[in-house]
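What follows is a pair of complexes built around chain A, which joins chain B in one and chain C in the other.
What follows is the complex of A and B.
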């Protein structure tokens, strides 16, 4: 599938908006939180994104933003006359009082620890994750230090 | 026999850095594993939010001491993408040379660390002797042995010193002879092959889903190298091949991962030679580098260990609002229960050594 055709198909999915090409091989889009799981399943099964590169969590104050990067390794999407492989960047916005989203670690095992890290440092809860524990900070650590409103002195004694 | 958990690490000869591997064993056979990280967490991402963009190159150097130039380069590339800086042609060539020298040093570091894991202390001395040659080369333009801070946003710190090309050529020639020695010492060694062949197998489709990239994925026969597939600097102008292992008995095992890295070193030698041939004259730093940035951007590069990605968000000030680092080893270690299962306890050093662990980048 050519990348332009792929972009046209993307717009027809539920919850998808603002599909844009930010580099010759990178597609960017915004996705609604409710439709995220269905979209991720079709991303893996129908379009062949085999590899989850990164999940980053951003504290935009007040809301949170999750940025997913997926890549094609041997998949079916290509760019004409170029050896480059395609990547997709997905932005999902979460409300501050409900920072939850469905986990994708059952689709891509590589997302497992990225989700654990987002939980550990930013306090995003991934529903259905098999093992949502802290990964970099020790167990029993209080708070999520990459949040912009984190103040160490408040949590110092708790920990 | 009853199953039980054994804890290896954080201080253990197998770990190559501070981390713990808990393995569940049934007699000698591994049933399950649970890796634990965080002993080396220095909160690089948080520190980066408090520093100006150009200050962070010192932090990125310290992500991995065995491969610091590649990490600084990934950061510089991402910031250049964010700010829209155009790097001069000569600087791109110098960067490519430095990256390939670093890749050679990093792969030699890995090979030297891998040999004692298999009980071959002599191998460590051989490989580290040659790594020193490349560290000397990297020291000439940058002035330090491990943490170079040579690649800067917009170019490189300074031009290459006089006589650098001749010195490099002399060392590359010597290194090529040494590679033949390695073939006799390791590839043709029966004991080495017994420890590595058909051990730690995984297939390409498994590896992609597990998030394994770099030489470990190419060892399964997948032609995926970001220097070609998401080309940066001048890799698309240079004639080189992605090194993989052909499908067949024992591919995707520890031995194939060893061979991919050896072949990659040969390819790096080729790339460095061609860079010197094609290198134009000119400035080595962009004439104007802004200090403020807004919006978001990311770039990914082929680190010595796999796919490195940095995602940056700017809010219009001179410091990054959010800086996210993707380390290839982070996901590779997370997948270790999948490729350890079914092997013996004695195979753990052989398998975990073969994937080239670096904890500095993993714990950030």
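What follows is the complex of A and C.
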């Protein structure tokens, strides 16, 4: 499948908007929070994105932004009639008072610790995650320190 | 030896194992020839006391200490075995210090991988809250006598992370530190100078090791 055709197919999915090509082999798109799980399942099953590179969380006040990077390594997607490694970059925006999203760690097992890290430092709750504990900070730490409104002096006494 | 001697004093036999106060009293002054009736731990304590008291009373302890102190002290000074434990970039400099350019092995530094075999703990990096109990455990596992070297700004005061949410502000907040080596990161020459300072400190302290209480 040529990459332009792949982008057209992606934009026909529910909840997908702003599909763009930001480099030769990097596709960027925005995704709604409610339709994320169906999209991720079809991304893995239909298009063969086997590799979860990165899940990162950004605090652009007031909402949170999750950025997922997945890649397919010389698989079904072609650039100029030859199979190439293609990376997809998915942006999902979350409201500040409900920072929850469905977990993808049952599809990509490597996403397990990425999600734990995002929970630990940014306070994003992944529903359906098998073991959502802190990964970098000690157990019993109060608050999520990479949020912009985190003040250490408030939480210092708590733990 | 006859069975009569092993049987010994009937009051002593009653005292054994019945009450701790009785056994303590007996251990202080066992009747002559009846030490064979003591339990093994009681026997060790009794003979320890006896040898210590005799050495102290005759002045033998001081004499042996004075003779052997420089030898033991020399051995301690020139074989400070540090724990092979690296936290951050100062650990790279620690590795460089034992490379051929700055051959720190000539000061007797041999890195050991088990804290049971070590004398010196080098804290070479920022100690975060998750590491702090583990580092404390490592320190407690080391046998006496032991020394701690705080290497680099992070171990001295927290360094650039002193205000952070998870970095401890200095290793001396939870363990006694003997030598501070400033630098970010510490150069191998500075590490060598720190260990020479530690040698000076050990020489000044000069503990006697014979029958130490």
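Note that in this section the second predicted complex is superposed on the first by the 154 of 159 C-alpha atoms of A that agree within 3 Å, B and C clash if a C-alpha of one lies under 4 Å from a C-alpha of the other, contacts with A are read in each partner's own complex, and residues count from 1 in each chain.
Assume contacts are C-beta pairs under 8 Å (C-beta built on N, C-alpha and C of every residue); 3 or more make two chains touch, one makes a residue touch a chain.
All values reported here derive from a predicted model rather than from experimental measurement.
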{"item": "Which superposed partner A:152 touches (first chain B, second chain C, both, neither)", "value": "second"}
{"item": "Which superposed partner A:53 touches (first chain B, second chain C, both, neither)", "value": "first"}
{"item": "Contacts of A:137 with chain B and chain C, given as first, second, both or neither", "value": "both"}
{"item": "Which of chain B and chain C A:83 touches, first, second, both or neither", "value": "first"}
{"item": "Dominant contact partner of chain A by residue count, chain C or chain B", "value": "B"}
{"item": "Touched partner set for A:109, first chain B, second chain C, both or neither", "value": "first"}
{"item": "Chain B/chain C common contact set on chain A", "value": "136-138, 145"}
{"item": "For the chain A and chain B complex, residues of the former touching the latter", "value": "25, 50-54, 56, 58-59, 67, 69, 71, 73-74, 83-85, 87, 89, 108-114, 117, 121, 134-138, 145-146"}
{"item": "Complex interface listing, chain B residues touching chain A", "value": "37-38, 41, 43, 45-46, 204-205, 208-213, 217, 222, 224, 228-231, 296, 298, 300, 307, 309, 311, 313, 321-322, 324, 326, 330-331, 334-335, 338, 363-364"}
{"item": "Sites on chain A touched by chain C in the complex", "value": "136-138, 141, 145, 150, 152, 155"}
{"item": "Of chain C, residues touching chain A in the complex", "value": "129-130, 163-166"}
